[in-house]
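Each of the next two complexes has chain A plus one other chain: chain B in the first, chain C in the second.
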Partner chain A sequence: MELILETLGLARSAELLALNPPGWGGNLLRGLANSLQIAFGAFGFGLVIGLFGASGKLYGGVVVRDLLAIYTTVIRAVPELVLILILYYVGTDLINQVSQAMGYGRVEISGVVAGIWVLGIVQGAYATEVLRGAIQAVPKGQIEAARAYGMPPTMIMRRVTIPAMMSFATPGLANLWLIATKDTALLAIVGFSELTLETRQAAASTRAYFTFFLAAGALYMMVTLFSGAIFARIEKWARRGQPSLRGTSK
Partner chain B sequence: MAVSDSAAKEIQAPDEQSEAIRVTDLHKSFGSLEVLKGVSLTAHKGDVVAIIGGSGSGKSTFLRCINFLETPTSGQIVVNGEEILMRADGTPVKRRQIERVRTRLGMVFQAFNLWTHRTLLENVIEVPIHVLKVPRAEAIEKAKILLDRVGLGDKADTFPSYLSGGQQQRAAIARALAVDPSVMLFDEPTSALDPELVGEVLTVIRDLAAEGRTMLLVTHEMKFAREVATHVVYLFEGCIEEQGPPAELFGNPKSARLQQFLQTVG
Partner chain C sequence: MGAPRPTLAAGDKQMIDWRSLLQPHRIVLMALFAGLVIWCAVSLRWDWIPEYTPLAIEGAWRTIWILVVTTVAGFLLAIPLGLAQAVGPWYLSAPAKTFCTIIRGTPLLLQIWLLYYGLGSLFPQIPWIRGSELWPYLRQAWPYAVLALTLSYAGYEGEVMRGAFSGVNKGQLEAANAFGMPRFTMFRRIWLPQAIRNVLPTLGGETILQLKATPLVATITVVEIYSVSSRVRSDTFIVYEPLILLAVFYMIIAGIITLMFRRFENQTVQR
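Showing the complex of A and B:
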C-alpha cells in the first residue's frame, strides 16, 4: 500500500490528509459535518417556508400574494453571495440592536444558526416556486374528492395535496438540496468554518493547494452521489401508483 | 342534549322525517351566467332520483351545490332534516357543518377521482379512518367487504392507475359506501367509460337502488334511468322543465322540449 503511494508520489498527500494532527483530514471532515448540518437545516427551513409560501401564493389574499411575490422575486434576482452578506450582517446587527435596546449585551450568534437562517431564507424562495408548481400539478379532482368527503382544509393538505404533489416536487427539491450543500461554501465569506473554509486554511498552512481542494471536491462529489441515491429512492416512493412511462416491461 | 334531540325529532312531521334531501329555490350564477334559476327538489328516503337534461343545463352544478362543492347563490338546502346555514351570498356559515353534512353524502364523480397515490383499500379506508375516526381494523374489515361487493376483492392492494375505468369507478363507489352515506350523489358515473365497461358499473348501481339506497343520479343513460329511478327530473337551462315517475316522463312526456330531448338521445 505504502509502496504504491510512494511510487505515485502520493505519500505526502496521504500524510497531509491523515485524520489526526499533523494531518488535516479531521478538520476537513469537521468542516464537512458543519456544511451538512447547515445544508440540512437550511433545506428543512426552506421547505417549511416553501410550504407556507406556496399555500400563500395559491390560496392567500391579495396582500399575502403580493408580499410573497416580492420575496421570491427579490431573493431569486439578487446573487446569493450578496444575499448572504446582507442577511448575515443585517440579521446579526438587528438582533444585537434589539437585545441592546432591551438592556441585554451583545449576543453571540452561533454560526450554524446564522447559516441555517441565511441559506434557509434563500432556499425558501426557490422551494416556494417548486412546491407551488407541484401543488398546481395535482389533478383537481383528487382535492375535490377530499372536499366532497368532508375533509377539513388542513387534512386535505396533509393527506391528499402533499402526498400527491410529492412526485412532481422531488426532482426540484433534489436540486434544491444539492444547491444547499454547495451554497454552504458561500458562508466561508462570513468566516463560518464549513468545508471550504477549512480546506482553504489547510491549504494555506501547508501550501498543498492541489491536494486539499481535490480532497474537498471529492467530498462534495460523494455528498452529491449519496444524495442522488437517496432522492432516487424518495422519488420512486413518491411515484408509487403511477405506471412508469416506459411501461411495465422495463 | 339527547333530550332536545329527540324532542326535535318529535316536532318534525312524519313527512319531514322521511325526507333525505330538500332543495328549495336554488339559484347559482357563475359571474353573469345564471346556471340554476330556482330549482326545488325533494328526495325521500329510498328514492332514486334521476336527473336528465342536455349538456350545460346545470345538472352537475345542481348536484355540486348540494354538497357545496359549488357555493349556491341563494336558496335553501336541507339534508336529513338539517338545514345548511347560508349567508346572504350563499357561503356556508359554518365550515364544520358543511364538512359534517358532506360525510353523509357519498359522491361518485364522472372522472372517478380516486387518490392515485393510494391503493384501492387505502382509498376506501381513508375517509372512515381520518374523517369519521373509525378504528383502523374495523375500517379495513368493512372496506374488504365493500371491495368484494363491487367485485374488486382481489385488487385491494392495487393502485388505481393500473385498473380499467370500470374498475376504478366501482372502487369509487366502494369508497362512497364506506362512509355509510344517507344519500349517494352520482354525477354521470358512466360517461367517461368505454361502452363495454358501462354495464359493470350500472350493475353495481342497480344493486344499490334495489336495496333501497337513496340516490341522486345525473345520467345520460336513459334506459337505465327509466329502469332504476323512482322519480325523474328533466332540467332545461337551469329550470326543472318536467318531472315525474319514469313511466310518465319517458312514456308520455308533456313538454315539447322534453319530447325533443328524448328523441335526440334516443
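Showing the complex of A and C:
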C-alpha cells in the first residue's frame, strides 16, 4: 500500500489526509458530519414548510396565496448567500431580544441551529413549488372520493394525497436534497465549521490546496452519488403498483 | 401549444395583470407594503449611501459584467458538451458526462476556492508562466472567478443541452440530410435553433441561478456588489440596510432576466 502511494507521489497527500493529527482527515470528516447534519435538518424543515406552503397555495384563501407567492418569488430571486446573511442576523437578533425581554442575557446560537433555520427557509420556498406541482398531479377523483367518505382533511393528506403524490415529488425532492447538501458550503461564509471551511483551514495551514480541495470534492461527490442511488430506490418504491413509464413515453 | 398563438398574447396578459391587481385584498396588501417601504425609508439609516455610491455602481457593473461574460462563455462551452453527450462516440461522451457530474456534484464555492487558491498557488512556482504576458492578469482574482463560474454554467447547461439536442425531431434532420445540406449547416440552421428554442425557459431559470452564484466570487476578493455591501457592514456596523438594498438589486436583475427571456420566447415561432 505504502509502496503504491510512494510510486504515485501521493505519500505526502496521504500523510496530510491521515485521520489522526497531524493529518487533517479527521477534521474533514467532522466537517462532513456537520454538513450532513445541517443538510438533513434543513431538508426536513424545508419539507414541513413546503407541505404547509403547498396546501396554502392550493387550498388557502386569497391573502394566504398572495403572501406565499411573494415568499417563493423573493426567496428564489435573491442569492442564497444574501438570504443566509439576512436570516442569520434576523434570527439572532430576534432570539436575543426575546431572551433579553424574558430577563436572560445574550444567547449564543449554535451554528447547527442557525444553519438549519436559514437553509430550511430557503429550501421551504423550493419545496413549496415542488410539492404544489406534485399535489396538483394527483387525480382529483381520489381526493374527492376520500372527502366523500367523510375523511377529515389531515387524514386525507396522510392517507391519500401524500402517498399518491410521492412518485411525482421524488425527482424534485431529490434535486432539493442535492441543493441542500451543496448549500451547506455557503455557511462557511458565516463562519460555521462545515466541510468547506474545514477544508480551507486545513489547506491554508499546510499550503496543500489541491490535496484538500480535491479530497473535499471527492467527499461531496460521494454524498451526491450515494444519495442519487438512495433516491432512485425511493422513487422505485414510490412508484410501486403504477404502470411503468418506460415503453409508453418513447 | 397545439395551435399557433396569436401575437396579441403578450398584450392581453398585461391587461389581465393590471386588472387582477385591483382586487380589494391586493390593494390592502399593496398599501401595507407601501407603508413598510415608507417606514424603512424614514426610520432606518440611509446616510451612508452617498459615500458608497461610486463603489456600489462599480460593484453592480462588475456583477453584471461577470454574469454576462460567464453565461455567454459557459453556454458556448455547453453546446459541445451537450452534443458530445447526446450523439458523440464514447470517448467524447464519457469525459463530457464526467465533467458535468463533477461540476453538478460539488459546491460552487469549493470549485472557486480550488481554482483560486489551488491554481493561484501553483502558477507562481512555474517560471514560464511568471514570465509570460498573461502573468499580470493571473495575479488578479477575477480570471479565476470568471473561469470557475463559466465552468459551472457549462456543466449545468451541458446537461440541459444534452436533453435539448436529443429532443429535436429526427425527421427534420433526415430531411436536411436528404437535401444534401452539409453537416455544419444542418447543425447551424436546424439542430441548434430548435434545441435552444425548446429549452429557453430552462435557460432563463439557469441564468437566474447563475446570477445568484455571482456573490460567491466576493470570497476571493473580487469587488462586486455583494462585497460592497459587506464593506458597508464592516465599516459602519449597519447590518440590515445594505442587505435589503442588495436583495432589491438582485430581485431587479432577476426580473430583467425573466423579462428578457420572455421576449426571446415570444420572438421564436411557437409550435
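In this section, the second predicted complex is superposed on the first by the 246 of 250 C-alpha atoms of A that agree within 3 Å, B and C clash if a C-alpha of one lies under 4 Å from a C-alpha of the other, contacts with A are read in each partner's own complex, and residues count from 1 in each chain.
Following the convention adopted for this analysis, contacts are C-beta pairs under 8 Å (C-beta built on N, C-alpha and C of every residue); 3 or more make two chains touch, one makes a residue touch a chain.
The structure presented is a predicted model; accordingly, all values stated were derived computationally and were not measured.
Undergrad: In the superposed arrangement, does chain B or chain C reach more residues of chain A?
TA: C
Undergrad: Does the superposition put A:Ala148 against chain B (first), chain C (second), both, or neither?
TA: First partner only, chain B.
Undergrad: May I ask you to decide whether A:Tyr89 touches chain B, chain C, both, or neither, giving the answer as first, second, both or neither?
TA: second
Undergrad: Taking the superposition as given, does A:Arg240 touch the first partner, chain B, the second, chain C, both, or neither?
TA: first
Undergrad: Determine, under the contact definition given at the top, whether A:Tyr209 touches first (chain B), second (chain C), both, or neither.
TA: So A:Tyr209 only meets chain C here.
Undergrad: For A:Arg159 in the superposed arrangement: first (chain B), second (chain C), both or neither?
TA: Only chain B is touched by A:Arg159; chain C is not.
Undergrad: Of the two partner chains, chain B (first) and chain C (second), which one does A:Asp66 touch, if any: first, second, both, or neither?
TA: The second partner, chain C, only.
Undergrad: Touch check for A:Leu58: first (chain B), second (chain C), both, or neither?
TA: Neither partner.
Undergrad: Is A:Ala14 touching the first partner chain B, the second partner chain C, both, or neither of them?
TA: neither
Undergrad: Which of the residues in chain B come into contact with chain A in the complex?
TA: Chain B residues touching chain A: 67, 69, 95, 98-103, 105-107, 109, 111-119, 126-127, 130-131, 159-162, 175, 179.
Undergrad: Please name which positions on chain A make contact with chain C in the complex.
TA: These residues of chain A touch chain C: 62-63, 66-67, 74, 76-83, 85-86, 89, 178, 182-186, 188-189, 196, 199-200, 203-204, 207, 209-210, 213-214, 216-217, 220-221, 224-225.
Undergrad: Given the complex with chain B, which residues does chain A contribute to the contact?
TA: 139, 141-142, 144-152, 155, 159-160, 163-164, 166-167, 238, 240-243
Undergrad: Along chain C, where are the residues that touch chain A in the complex?
TA: Chain C residues touching chain A: 23, 25-26, 29, 101-102, 104-111, 113-114, 117-118, 121-122, 208, 211-216, 219, 226, 239-240, 243-244, 246-247, 250-251, 254-255.
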